[in-house]
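Paired with chain B in one complex and with chain C in the other, chain A is shared by the two complexes that follow.
Here is the complex of A and B:
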């Protein structure tokens, strides 16, 4: 089941460079929340703080509070956090030395799923959800690097889905995909929200409008506006939001 | 105007080309000369029977030295590979940047120490103080000290070349740092690590100075005893027998050098194909 995320006064730095300037927002469970904003405004940094990946970057530092349901993410073990908050990265990053199958299965093996047929079932299911199964079912044991960029990204989505996290963070998952795969990913996102909480970063405002229940607009490391997607796009409260969604800057 | 500039540019590039060709030729020439001399004398003086007879008097065979070298280097690899690889993993993945640079500084210092000094320290401590006498263990440990820094540094370097995105992928999936290393990162760095170990083996095979002080010399085939028994090795034959006033001694020395050279060239051949394979896989 999805869990909600409460973010309170979240600040993040790279060395001395502050990229998040105190973000507070309530991300509802079993909903899709989109993050939009111009390049470099801190969208990736923000979602990387949610699964505690930001602190692993050299010089990366975080302050503030993130709560997953009732649990304080920054008091949990970071490894446990990342098992329940999955992530799809902006650039596809499959494990190059593993086969297509093992890329998806590795998380299951780590989680202790020994039964081979259960494993296979879950791998197939995840690859189907990521709209990749038909393209790879005949070559599951070939290396993952032999896939195209878009296929690699869908493989990464399948890898994240296989371990059935509660929250799924997606950093521009469709930016390397053709329109057909993009449409299938959007369908996937919509179908997943029954069971997952999804946070999706996107540059594509039509995409945000199509898939997201709520949308947040970031600018220069600040949360400018956060609300229901339809009202944010039709009746923005802040001039800067309006300028951005009407294409006047960014 | 335009034409003279073109001429000047051409001339300049010719001089540059000529200079670098000359420098390359000089290096190549001395290398080829050395390898050719050793191979020429070695092949002429080598008799297959040397492989299964031991050294005796001023000549004889190389069996004891070949087995001794293999035994010494084998022990040294068994000790230095785990140490160097684990150390390299530690420096690359776990040590903070402060500790990492301290360790890096120490290993660099260690690899800068002349090998004869390492041999002498080995002599003072292992041979004398700890009472092992000239022995296999003292010799392999001296080689270990020389080999560990190479393995450590090449392990660290090849792990550093694994893209950060790959670590993030592993961590993002809920792997611990050690799981990420053993299941994902290690494999991407493996050929670099193997390269480092092979390079260290090649270096260990060719070392003389540290062994002179620690392993001693024996005309008998090595025993399994680790201490209190001297052991023979190929570089000793090269080092000592070339200075003797007998033809059969020279023949033995050149044959030993030739055997070493062939083995080391072979290792470098393997290294090259490994490196090339890695290159073609990543590009």
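Here is the complex of A and C:
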């Protein structure tokens, strides 16, 4: 099941450059929350703070509080955080030296699942959830890099799902894909929210409108507006939100 | 359009001739050196046959007494050239050196590539590369003066205490000069190039793949073991082959710290050894006094064996690299 995320006064820096200026928001469980905003507004940095990935970049620094359910993410072991908060990246990044099967199974193996048949079952289940099973079931032991871009991205989703996280972060997951693959990813997002809390960063406002229950608009490292997707797009409360969604900038 | 001037055409012909000549020199040198060494070895090949590779005794014979003739080759009485101890010494010291150097280099490279940044990284990198610039005779001197006594007093007894149940690791440390000392000095000489190459390779692993691993909840070690090292495997094999070749051919340092073992195979890690390269350097002077010149020919055959061994290791590394990149290519094609 998904878990909610509570973010309090989150600030982030790259060296001396502050990219997040105190973000507070409640991300509801089992919903899709979209983060929109122009390039450089801090939306990617924001979700990279949620699974503590930002701090692994050189000179990356974070302040503030992130809570997953009742647990303080920044008090937990970072490796444990990333096992309950999965991530899908902008460019498909299946591990190039591993087979399709091993890409999905590696998280299970490292997590201590030794039983081969349980492992296989979970791999199949994850690939089915990612709507990839039928396309790869006959070549599970081929290298993952042999897949097309859209298939690779769905493989990355299956890889993240296999370890059964509570939250799935998606950083512009369809921006490198063609329209058909994009549509498949969007369908996937909608089908996954039943079991996961999903936070999706997108520069594509139609995409946010199609998949998200709630939408947050970021600008210059600040959260300008956050609300139900429909009301944010039809009756924005802030002028800057209105300017952005009507295409006056960004 | 105007035709190119006569001057520029002449210049181009000159360029082609010069470039062709320059480009063929490496191949030419390899062939010439190989042929010269081979021709130089022929008398000993006829005199010793396969016993050159299997014999344990190396004796220049009575150079002031009678000569004997065998297989049409005249030699000082009692001369015999068995190179096995030097072949074993070369392989044992270099393999042991690589076993020490590889983990040290990989760990250092990981730290340099991923853990330290900014000025610390550049200073650390420069220090490691400076190590590569130290002349081998200085390494040899350090091995004799510092490492030797340390092996006798501390390392040798410690190895005996902890790992003494393994026969090869049990025994008197003797003078401290021998296989272990050679391996340590060689390792130290190989570490800088291996570290620098591995660091460059690791820096080429796209951050995308590392973040994929981190994002999946892998620990630092798991990311390196499961993602980074497999990604750079080909390059790493190449770097190891290069370092190994260097360790096999290293002359001066091993001559100084090897203990000049002759006529016996090393039976413990502390035994004195000689490598093919160090024997050539060590024996050339006395070999030149051999009126039949057979001793010099014997050293030439040592050089031949050393060259062949180095070529074989390089070739093996190449095959390994080709095999693994072939499977990757096939994957992309499928």
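Note that the second predicted complex is superposed on the first by the 250 of 250 C-alpha atoms of A that agree within 3 Å, B and C clash if a C-alpha of one lies under 4 Å from a C-alpha of the other, contacts with A are read in each partner's own complex, and residues count from 1 in each chain.
Quick note on the criterion: contacts are C-beta pairs under 8 Å (C-beta built on N, C-alpha and C of every residue); 3 or more make two chains touch, one makes a residue touch a chain.
These figures come from a predicted structure and were not determined experimentally.
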Open item on the list: For the combined arrangement obtained by superposing on chain A, do chain B and chain C clash, or do they fit?
Closed with: clash
TODO: Could you look at A:83 and tell me whether it touches chain B, chain C, both or neither (first, second, both, neither)?
DONE: both
TODO: Please indicate which partner A:97 is in contact with in the superposed arrangement: first for chain B, second for chain C, both, or neither.
DONE: both
Task: Touched partner set for A:159, first chain B, second chain C, both or neither - done: both
TODO: Could you say whether A:59 touches chain B, chain C, both of them, or neither, answering first, second, both or neither?
DONE: second
TODO: Compare chain B and chain C by how many residues of chain A each one touches, and report the one with more.
DONE: C
- [ ] Applying the touch criterion given at the start, work out whether A:107 contacts chain B, chain C, both or neither, answering first, second, both or neither.
- [x] both
- [ ] Please indicate which partner A:146 is in contact with in the superposed arrangement: first for chain B, second for chain C, both, or neither.
- [x] second
Open item on the list: Quick check on the superposed pair: does A:1 touch chain B, chain C, both, or neither? Answer first, second, both or neither.
Closed with: neither
Task: Doubly contacted residues of chain A, that is, touched by chain B and again by chain C - done: 51, 53, 56, 58, 79-80, 82-83, 86-87, 89, 91, 93-98, 106-107, 110, 156, 159-160, 163
TODO: Give every residue of chain A touching chain B within the complex, in rising order.
DONE: 51, 53, 56-58, 79-80, 82-83, 86-87, 89, 91, 93-98, 106-107, 110, 156, 159-160, 163
TODO: Would you pull the chain B residues touching chain A in the complex into a rising list?
DONE: 97, 163-176, 179, 183-184, 187-188
Task: Partner chain A, residues of chain C touching it in the complex - done: 117, 206, 208-209, 211-219, 222, 226-227, 230-231, 233, 327-328, 331-334
Task: chain A to chain C touching residues, read off their complex - done: 51, 53, 56, 58-59, 79-83, 86-87, 89, 91, 93-98, 106-107, 110-111, 139, 142-143, 145-146, 156, 159-160, 163
